[in-house]
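Presented sequentially are two complexes of subunit A, the first with subunit B as partner and the second with subunit C.
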Partner chain A sequence: MGQFAQFAINGLMSGAIYALIAVGIVSVYKATKVVNFAHGYLIMFGAYFYYTFAVIVPGQPWAPEWLASWQPDWMVEMKGDLGMFSPLGAVLDWLANLPRILLGLLGAVLANAVVGRIIERTLMRPLMGQSVFAMIMVTVGLISIMSGGAQLIWTADADFVPHIAPNTPIRFELFGTMIFLFGADLVNMVIALLLFGGIVAFVRFTKGGIAIRATAEDQSTAYSMGISVPQVFRRAWVLASVTGAIAGAILATRNGISPSLGLFGFSVLAIVLMGGLDSYVGVFIAAMTVGVLEAMTQWQLGGNWAEIVPYVAVLVVLIWRPHGLMGQKEVERI
Partner chain B sequence: MINGNLKSNYAADERVLNNRYKQVFVYGMALLLAVFGALANDYLILIASKMGLLLIAVVGINILTGYTGLVSLGHAAFVAIGAYAVTIFQNVTAGIIPDGIMIFFAVPFAVFLAAAIGVIVGLPSLRVKGLYLAVATLAANFIVIFLIEQDVFARWTGGMVGLTTNAPSLFGWVLDTKREMFGLIAVVGFVTLLAAQNLIRTRIGRAFIAIRDRDYSAEILGISLLRYKLTSFSISAAYCGLSGALFAYFYARILPEQFELDLSLELVAALIVGGMGRTMGPVFGVIIIVMVPEVIKITFGAITGDAAGMAQLRAPLQEIAFGVLLVVFLLKEPLGINQIVDRMLRAANRWPFARG
Partner chain C sequence: MLKIENLHLSFGGIKALQGVNFEARKGEITGVIGPNGAGKTSLFNAISGFYTPDQGRVYFEGRDITDLSPDKRAALGLARTFQNIALFRGMTVLDNIKLGGHSRLKTNVWQALRYFGAAQKEELELRREIEERVIDFLEIDHIRKYPITMLPYGLQKRVELGRALAMRPKVLLLDEPVAGMNREETADMARFILDVQEQFGTTILLVEHDMHMVMDICSHIVVLNFGQQIASGTPVEVSKNPDVIEAYLGATA
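For the complex of A and B:
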């Protein structure tokens, strides 16, 4: 039972990150009716931007020293009389990295927002009103462009980046077994959940969010009601790339950066379809379910079986419910 | 303008090549291929064989996506099934079936297996459409490749390290050079192209087109969606299986990673670039999709002189070129090269009068 709880918690933590990635796909779909197959590569760009601003820039000779490693006197003093592996030590290590982590996150969010805008303006806007097939295939073409582009800019070597939160180990007892977690994973989960909740609230309650929902309902009616549909498109893409940048930074701290980060997008796409393309709630449930199922598969069958869990799950759900768990059923007229 | 196209009996009207232009074009192309196979150097033969292998698979995708309107991003799985089925069949039955006629059992086995699995993968197409189907087939691709890589089946599939394949033998004539294989690929490719052209003139083909144009209307007209969607899936999977079987014969070794998502996307990209739902579309598309990376390789080599540091820029550039090709065609010429060729032929035909 204790082991079950351990794996369930691990699953929920990765499920939260899936949900954060999925929110980008859902937002773009809701506003523009385009399913972004290249979202995984947008995340990869976010991860690489985080790497650029948190590792490459502070490492430059012209960068101020406090950026690479912030060491005020009081911190050195506190560190001096600490033993090995103390939780406070981990927090202090994190504090030393804090300036470059903040710069990394800020840079990643801004740079990725620019990338999202460029994609929307140059590739998606000209296709407004075209067939869905053409739009999907454009995002498929975007996969190659982005993955080639990332290799061209950053080379294909894998590397590591600083954690976003202090990485202290946390131990506590549940059902008679010790549960073991990393602080950074827990903070990542909280960040992911807060962002997810924030975006759902934004779409639900703010003026811009209502514009997105109106456009999702009927584009031409939204237009005639005075909603600027191109602006809605732009907002949705920027939203997707900003959440993607943070998700990318989180993924980069977990797995290191490499061009294979883009493949995450495909399993998340499966999760999104499983939950229903236009339902935040359904996607959240699907993401958490897949996260837990993956952790359970890892526990029972071994690590490499976990990678096909989202795909098997989406096939089962699609045959049972063609529009996903909570997706809106499309009514077709002939 | 086609004139003098008078027919005096039904047999003439029902021919696949029902006018002189088509006859001249097809026979001329056959002759050209024969001359090419005899005269071209080894490099050109290799490139042409690659095109032929891809062409057979793209013709299959064309039946599914171009004519039936079902999107699949997972057809590399069927190429994998064809390639693995033919090799495993040959390894298992070696000694039971004589080598000289092995190819006549192994290839049909691979094709039927691919078609059967095609029916299974096609099952979601009855429930879901468009995008959902694209993701369902994509999932199927991941699952098939994953199963091939598993240790459980490694006795047959070789797991991650792949399989060494056999050279085919036609009644004792072992096709062990690339030029001989090119002959086989060219003949099979030609036949599959004509077979596909013939298919869409039949009742089945017309049903496919009706489903593409509006599936509910087709159902109201009495076309069984269950039957024809699954037929379409199995035919296209069979074509891909055939392509895979020849792929296994052509290369000395097959690896699971050759059949991943990249190949599926390449197949669909070739179809879009060439022109969907047209017989010649796959031909144009395959030529472009195979030639562009080669041209980049050659020009890149000429500019940089094969400097070691620059060589690693080549693969990303080829990848970008592939994506740009797909995007530009979708934005500027959604009907593909076939449309451009049509326009040029029309202009030539009407010259010096109306253009375009």
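For the complex of A and C:
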């Protein structure tokens, strides 16, 4: 039972990251009816931007010293005689990194928002009113451009990036077994859940959100009701790239940085299809389910199976409900 | 009020509109008729901003709006309904109608957070106005909470009219408001259109196939055939025009 809880918690933590990635795909789909195959690569860009602003920039000779490692006197003093794995030590290590973490997150969010806007303005907007299929194909083309572009821009080998939160180990007892997890993973989950919740609330309760929903249902009608459809497109893409930047930063701290980060987009696309392309709630359930299933498979059958079993489940769900768990019936299948 | 000047529109080799000229006068109902494929819906799309004409201008209250996007035209007071019902199917009747008032709400999120009272007041005002001006007016009080998909066709058309009214339009474009309706539903709709004109003084431009209705409620009629304007005038003038009779009934010897 205790083991079970441990793996369930691990699963929920990766599920939350999937949900954060999925939110970008769903938002763009809702607003523009485009299934963004390149979303994973937008996330990869977010990860590289985080790396740029949290590692490369602070390492430059012109960067102030406190940016790379903030070591005020009181911190050095406090750190003096702490043991290897003391929680306070982990927090102090994190504090020393905090300036570059914040710069990294801010830089990643802004830079990715610019990338999202450029994609929307130069590739998507001119195709407005054309067949949606053409736009989807453009996102497929984007995959090559973005993965090639990333390798041109960031030639350095994958490097260590700082965790977003103090990575102190947390141990507690549940059902008679010790549960063990890392603080950073826990905080990542909280960040992902808060962002997800915030976006759902935005779409449900604000004027801009209503504009997105109306556009999702019928573009030309929304346009003639006085809703600026191009603005809705832009908002959706910016939303996707900003959440993608945070997701990218989190993935970079967990999995390291490489162009293959983009592949994450495809696994999450399967999750999105399972939940229903246009349903935040359905996609949330699907993300958590796949996350937990993955962890359980890893526990019972080993790592090799963990890559297969959850996606077989996705397949089964799609055969049973072709529009996903909570997708709308009229939703186009791809 | 709404003036169309020498409008030309073509899609590749197909000339959808070739020199359409007329004016929808303030507070009157103007009808556009013509056989299938005459260019009526193209004309509507050019007026509401979905198509850009190759040549010619569209004036709204004397202002040239030919280059404005659809949402800007809507903000000026130009509302339309669609030939195929274009309601938001996932929403209730009330939500659909309130969406018509969407573009008139001024408060954004930040203002709403800071001045919650003002935002609430604006929302309540919109709501009251919708109650009186749209829901009671169109006699759809009993179905306000229903999802759109549960309603019969005739009522859906009425809700669509309601949503357009919530935009408080100066000019209302109705694309086949009674298409596919039985006689009773047609009579109801005709009555509502006349009421809108009378009570709110809205300028109305409508496209319709139902000759009886058009002749009954319009004060001015424009006839299109293969993209060309073949007649324009009062219902009596138009119905006596030999070109119109030929277009509708074929040449008579």
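Just so we're on the same page, the second predicted complex is superposed on the first by the 327 of 334 C-alpha atoms of A that agree within 3 Å, B and C clash if a C-alpha of one lies under 4 Å from a C-alpha of the other, contacts with A are read in each partner's own complex, and residues count from 1 in each chain.
By our rule, a residue touches a chain if its C-beta (ideal position, glycine included) is under 8 Å from a C-beta of that chain, and two chains touch if they have at least 3 such contacts.
Model, not experiment: these values are computed from the prediction.
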Touched partner set for A:206, first subunit B, second subunit C, both or neither: second
Contacts of A:138 with subunit B and subunit C, given as first, second, both or neither: first
Partner, of subunit C and subunit B, that touches more residues belonging to subunit A: B
Touched partner set for A:225, first subunit B, second subunit C, both or neither: second
First, second, both or neither for A:269, with subunit B first and subunit C second: first
Partner chain(s) touched by A:148 [first = subunit B, second = subunit C, both, neither]: first
First (subunit B), second (subunit C), both or neither touched by A:95: neither
Partner chain in contact with A:8 - subunit B first, subunit C second, else both or neither: neither
First, second, both or neither for A:322, with subunit B first and subunit C second: first
Residues of subunit A at both interfaces, subunit B in one complex, subunit C in the other: none
Of all residues in subunit A, those that touch subunit B in their complex: 35, 123, 126-127, 130, 132-134, 136-138, 140-149, 151-152, 155-156, 266, 269-270, 273, 277, 307-308, 310-312, 314-315, 318-319, 322-323, 332, 334
In the complex with subunit C, residue positions of subunit A that touch it: 202, 206-208, 210-211, 213-214, 217-218, 220-221, 223-230, 328, 330
Sites on subunit B touched by subunit A in the complex: 71, 73, 123-124, 127-128, 130-132, 134-136, 138-140, 142-143, 146, 214, 216-217, 220, 261, 265, 268-269, 272, 312-313, 315-320, 322-327, 330-331, 334
Contact set on subunit C toward subunit A in their complex: 48-50, 69-71, 73-75, 79-80, 82, 86-91, 99-100, 102-105, 107-109, 112, 163, 167
